[in-house]
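First comes the structure, then the notes that go with it.
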């Protein structure tokens, strides 16, 4: 998330589509302390404005206990990033956040560790945890990570939690995203998070992986027959206050 | 492959389905020299009988240059196993095998290495190479390997070769196979190899991953709407002499 | 760390050896919320008593910003565990902790990410960061992780920070620890953390990897000729208030 | 290996040192069929000349059953490369090679698979197998592979076979080689293979990892005190007909 204008453009373009919610990074976990760290509090305001203006739920990442209250006031869902999947004190505190939690799998977390991380949140009072497969570390740098769809199938079998997939961060190359989004739906995922941008090539971070808004809309449309083929539907429920309804699409 | 009776049972059960070919392991690459090494030459006879009796193409693994001629005489397609993906002398010799080659990805082969291994066969005279994604090594032993469907998408984009998927060996747990087979079709795979067995629990090797014959037929049927949803069809072309026709199913 | 008696036994046994400091887990990051979570605040008291009684520096893990002040008051060095290596808000806060930080490499962190994590602490005001290689995730479960001594060599070449090695957690099998400790010293490590226990088989966690106190003393003695062979010495500087002096041994 | 002149220069420079044997790649396994594939038969002649002229044992890689006889006639030890570690037909045939076998660990082979691969050679008649740890695939491309010295310790504990280490191929950066060679000796390795070249920067392959001949000699000298520190010695036994004597150094 870079500016209010940018988020307005995205929301305007996507509000007629099946995209159910918007994600915007306000606090960004960056490998280097010298890289762009996100818009911070000003970004929360942007999210709140777009949310109310377009009646569109928003999701953003929480990086520390101190941020929980402010973020939970403004957004519909709090994301825990991969690097914090086993930040157990944060997970415990999110048990009292009062909002659904989107928990991303750690960079090299086992399926058991992933489930147990969710259990930290649930056992501290918050049953609304959505698991997100986003690729695991491996040896081939053709893709940034390896998208592990077998984990999605396994998680659906061994937990009662919704499981969504983030193919954009998993592979880091936009030309691979659409086919993998279809694969995710075909194997039972309850939702998708797809990175998009009004002008992908100008994105401040992750330029190589974002879809254009046109490609985003067309991807979401192309998911509908795949969902039907496995006896499901892409959610058309819209509006603030949502619980992520399978199969949801988040931009 | 354990006996003629077993293969007859399989062929009889599957001949009315969309399964296009049968794979049977005659020479088995086993980690230990003391494990069951396959039926050997007697197995080739079994394959040849089933092939002619049911007019069903057969596929089997070749492990050394010395085996090529005998195997190529009896089967429709020669498989190179993961452990031999960079057995360059074998690959070169297969350039003259006169039959299509099914090349399985190495246990930890990069996408580039996989493509280059195929190039060893093609550049020595045999353009009919089918690439097979079968999972790569990773840190979580919940599944035996990690099925890398992004590799399937990438291989379709950077080569002209057919790409098929082996979810059974990738995950090693039968309850994960069907959803992943659908995912493979949804992301563009040209075929599937699925392990099945008349009595899965009694299988000599890999008992944990084989489907029953009933589940096999029902899986193949369930793939049809998924293929249609992405604008493709499961091949119904049958009979010895096949080139693997996308989207093919091999049992 | 399980009780005052246990820590007294350890300190008494090791105070005459070259072991320079003691580490005790007060807050334990555990995969499951239902596993033993450490002694908590009572444990800090135990550490403080042992520290003053034996004039022996102590190290313990900090898991959240809220714990920093209390821990920093009682111990000589604060450990950041692997799961928190990229808990950036914690790292920033530790820039103001006023005590040296022992930063463990993440489960699948690259060398660059590891260095950058240290940079979060240093750039926020605390130059005393010690890097700790403790094994990375890999495919073979013969050892728990793969000890990456090339990372030690690389880190010594590209940073000015001390680098120490934790072979116990890396491999998870006590019979592998001593030879790897020697290897660490031979390739230039500035210190070692070795897990030991008065009765290893009865350890509450990680029983399989702890050395007995006798083996610990004998290991530390055996490191001296290796250090000399590469032109270094095992530190004999003792007493509370230490900066970890290469080559230090922590139990 | 690029020419007779090159090998003469190497042999001349190293004959007075503790280097016990020379390795030269005659047949090179290359990822791409279009890359330099080695000198082939002409290279065997070069090896044979250098061997007899300098009374120095030589080692070279065998890639197929058809090459065994010719290679075994000219060299003192046959290397099986990582890509062929589970080329079971080659391993069986090497059971009758009549010369010691240097078996390199596969790119992602488990310790058990490595031991079992050796068992294929031993159970077919050849007890002289030397295991070589050469790094395994991992996620960080700072080093080419991750050198797994815990595997060396484990292999020494669970087999009776000599275990040597190839730090050059493991890390792919010459500045990391010497410290890791010392670490290998310190943890119990029975030998080392170090890549060197008269003009490292001009090497046809692997230029980034080869040591100069001066650095090679000085490295071997620096290993002696480390070996002594762990109660062992670098072998000074020289001459054709050798069995690799711990601790041996191969250039």
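Lettered A, B, C and D in written order, each chain numbered from 1.
Here is the rule we go by: contacts are C-beta pairs under 8 Å (C-beta built on N, C-alpha and C of every residue); 3 or more make two chains touch, one makes a residue touch a chain.
Keep in mind it's a predicted model, so treat the numbers as computed, not measured.
Ranked by separation of Cα centres from chain D, the top chain is A. Interface comparison, B-C versus A-C: the pair with the greater number of contacting C-beta pairs is A-C. A separation of 35 Å divides the Cα centre of chain A from that of chain C. Chain geometry summary: the mean Cα position of chain B and that of chain C are 48 Å apart.
Contact with two or more other chains is made by residues 108, 112, 137-139 of chain B.
Contacts from chain A toward chain B in the complex involve residues 108, 110-112, 136, 138-140, 142-143, 146-151, 153-154, 157, 167, 170-171, 175-176, 179-180, 182-188, 225-226, 228-230. Put simply, chain D touches chain B in their complex at residues 29-34, 63-66, 83-90, 92, 106-109, 112-113, 116, 119-120, 123-124, 137. In the complex of the two chains, the chain A residues touching chain D come out as 108, 137-139, 141.
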